[in-house]
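Below: a set of structures, written as structure tokens.
Next, two complexes with chain A in common: one pairs it with chain B, the other with chain C.
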Partner chain A sequence: MGSVKIGVVSCSGEDCLGGTISRLATRKMMEQIRPDDAVTLCLPLFIAGGEEERGFAAAHPTITVDGCGKWCAKRATERLSGKVSDVVQVADLIGTETAEGPILSTRNITPEHLEMVDKVAEEIRLKFDRIAESYKGKALPIKGF
Partner chain B sequence: MSSMSKKVKVIPCSGIGKVHGLVAREIALKLVNEICTQEAETECLGYIVTEAPEIAERIKDGKCITIDGCPKMCAAKSVAHVGGSVTAEVRIVDILKEYRGYKPGTATTLNDQGWEIVDGAAEKLANRVREIYGEE
Partner chain C sequence: MSKSYAILPCNGLDKLAGSLSREIALRIAEQTGSEIICPTFYRVSDVLYNKVAAEKPLLVIDGCGTRCAGKLATEKALKVAAKINVAEESKKYNIKLGSSLRLGENELRLCDLLVNNILKDELEDKAGQEVKDTVLMPAEIDYEIYQKDKFVFRLPKEGFYFNENDCWAYVVGNKARIGVTDYVQKSLSDIMFFTPPEIGSEIEQFGEAGAIESGKAVFEIICPVSGVVTAINDELLDYPEYINDNPYEKGWIAELELTDFESDKELLLQFEEYVKIMKRKVDEFHV
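Our next item is the complex of A and B:
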């Protein structure tokens, strides 16, 4: 029995700093923290993609990562794909005012921003590992994606 | 951001899987934050995907340039899906034809070649933004 692949879906918003932080924290999960077990999908693929993409949240336990209080990743995932297993709200971790501040280009990333990314990535990891633990010894919810 | 803004809306896919999505995102940010601050603005694609009435209204009001990193054309399709008018569809793959052999970095970070592509493409696209803005 293989380990469950857990989805991490970021809002990657273009409207505020939280969008950049959500994107980078999700990338960190994919590249460094849980590269073998984390899978992701571009949020707009729920509209632009096919049945396979729309079935993502049904096929994988999914954590959404939202950069601001509009909760776009959670709302879009639940409406277009399926119920999410957990959520991460960047504003709860770095403060609403900071999260909803001006959008940041990765060209202007500072060590302070990287600390924010680490903080959000750690929160994703905690929820990720909790979900993975809950699937230990159980049949996988899906066929491969 | 005014609901009746005349500014051209530049909407990138910000795709998370490949460097092309990051290139699209950074071109859009360079355009709206540095080069065409008076003529262009961006809208959050994630918000568009929710199909919330507020963003759908705002999108219907204006002219949009979408920038997509892969053939799925998420930005263009999502804008059209909520009733937006896509005046120009930009594809990163077309931009990269002018930069053969370049390796722009990863979906997390661009390298010097990546930033060269972003800066060059944004300058070029700025002319299109101004044309569209002038047509309003």
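Our next item is the complex of A and C:
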């Protein structure tokens, strides 16, 4: 991939299963799918951090990943950091009813949940690669982060 | 105080300790019926969580030194009942956290430790409470009823001692539960505040054992017995109106370990004597 680091920001995912899937899919992007090109920031750090953290979306083209229709990740990123380049809505991929189910401890993850994680991670990857392609040969909006 | 928490974890995703904060929150919630506050949604829209944060003791779980959850609690002016910092705890227990965001053996071990610590504290609280609340009250109390116009005054017929200051004591062994009589709560009308005596303090007979207050007046509770305060009815801190509902049962005030009940008894009244005093006071009380 190119030199542009692309941000993937997950919702905090404390209200429903969609949030858990969102977090796990984001982690999969960070650790397995695009470990050298993806960066993330936890949402509360937009609030508690300083200028550097709040400049995240300006420094990186950013995809937000939301677990449900509250759109916490998109809303918090745009309110506190900057406009996002694309969004992934977990409920659109696994169904609203499933996404709004109860939250999940890592102990209780089943193969079905992991399939959902893969599906969401693939959607993130598609959008991630599209953004990366559009930045090929271009400089970062702001150097470094 | 409720034994379940409002839990505010940082829910960090860019550091392992943040992910661990979420796992700890989930496990405590599963075992205690606590409610988890999503830090991001709380920031974006606080209506959902304001009630939870106000009604339950707040447990703040931060992953690292940035203390995102703690800062959010400060920003929202929340009172923190307990807090955990995962990074600090990992140093304390000498458990090294990995670099992957995936929770491994070490991380899960630390998670178990911290969850157990919180649950253990609760169990100790419960045990302490059981030791403190040792006065076994009768399952049913037989009341004398005295009515004046629309006002009904109850008075327990058996087992209670009273003083002329309209407070009662129910004695079992060397312990006593104390409270005020119906005459007090009816005179005060809607009780809005309860100031408890301090647990561990020694009170002389006829000394002050806290106070209750309504829109009409403040009533100093005159202790019928001498002793050391071992428990208070802390439900009255949130629901002082329990005294209006029934001052002999759920509206009790405190419990004491008695220091000289044999002497105290000489200055106390039993039902037959106090009921006359109460009736006279009611008749003279122009409500």
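In the analysis below, the second predicted complex is superposed on the first by the 143 of 145 C-alpha atoms of A that agree within 3 Å, B and C clash if a C-alpha of one lies under 4 Å from a C-alpha of the other, contacts with A are read in each partner's own complex, and residues count from 1 in each chain.
As a convention for this text, a residue touches a chain if its C-beta (ideal position, glycine included) is under 8 Å from a C-beta of that chain, and two chains touch if they have at least 3 such contacts.
Bear in mind that the values here come from a model prediction, so they are computed numbers and not experimental data.
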Fit or clash for chain B plus chain C once both are placed on chain A? clash
Thinking of the overlay built on chain A, is A:V4 touched by chain B (first), by chain C (second), by both, or by neither? neither
Classify the contacts of A:R23 with the two partner chains as first (chain B alone), second (chain C alone), both, or neither. both
One more residue to check, A:A99. First (chain B), second (chain C), both or neither? neither
Contacts of A:I131 with chain B and chain C, given as first, second, both or neither: neither
Looking at A:C42 after the superposition, I want to know if it touches chain B, chain C, both of them or none. Which is it: first, second, both, neither? both
Once the complexes are superposed, what residues of chain A are shared between the chain B interface and the chain C interface? 10-15, 19, 23, 26-27, 31, 40-45, 47-49, 70, 72-73, 75-76, 79, 103, 105-106
Quick one: in the complex, what on chain A touches chain C? 10-15, 19, 23, 26-27, 30-31, 40-45, 47-49, 70, 72-73, 75-76, 79, 103-106
Residue numbers of chain B touching chain A in their complex, please. 11-17, 21-22, 25-26, 28-30, 33, 42-52, 72-75, 77-78, 81, 106-110, 115
What residues on chain C touch chain A, complex-wise? 9-15, 18-19, 22-23, 25-27, 30, 36-41, 43-45, 66-69, 71-72, 75, 100-103
Per the contact definition, I'd like the list of chain A residues that touch chain B in the complex. 10-15, 19, 23-24, 26-28, 31, 40-49, 70, 72-73, 75-76, 79-80, 103, 105-107
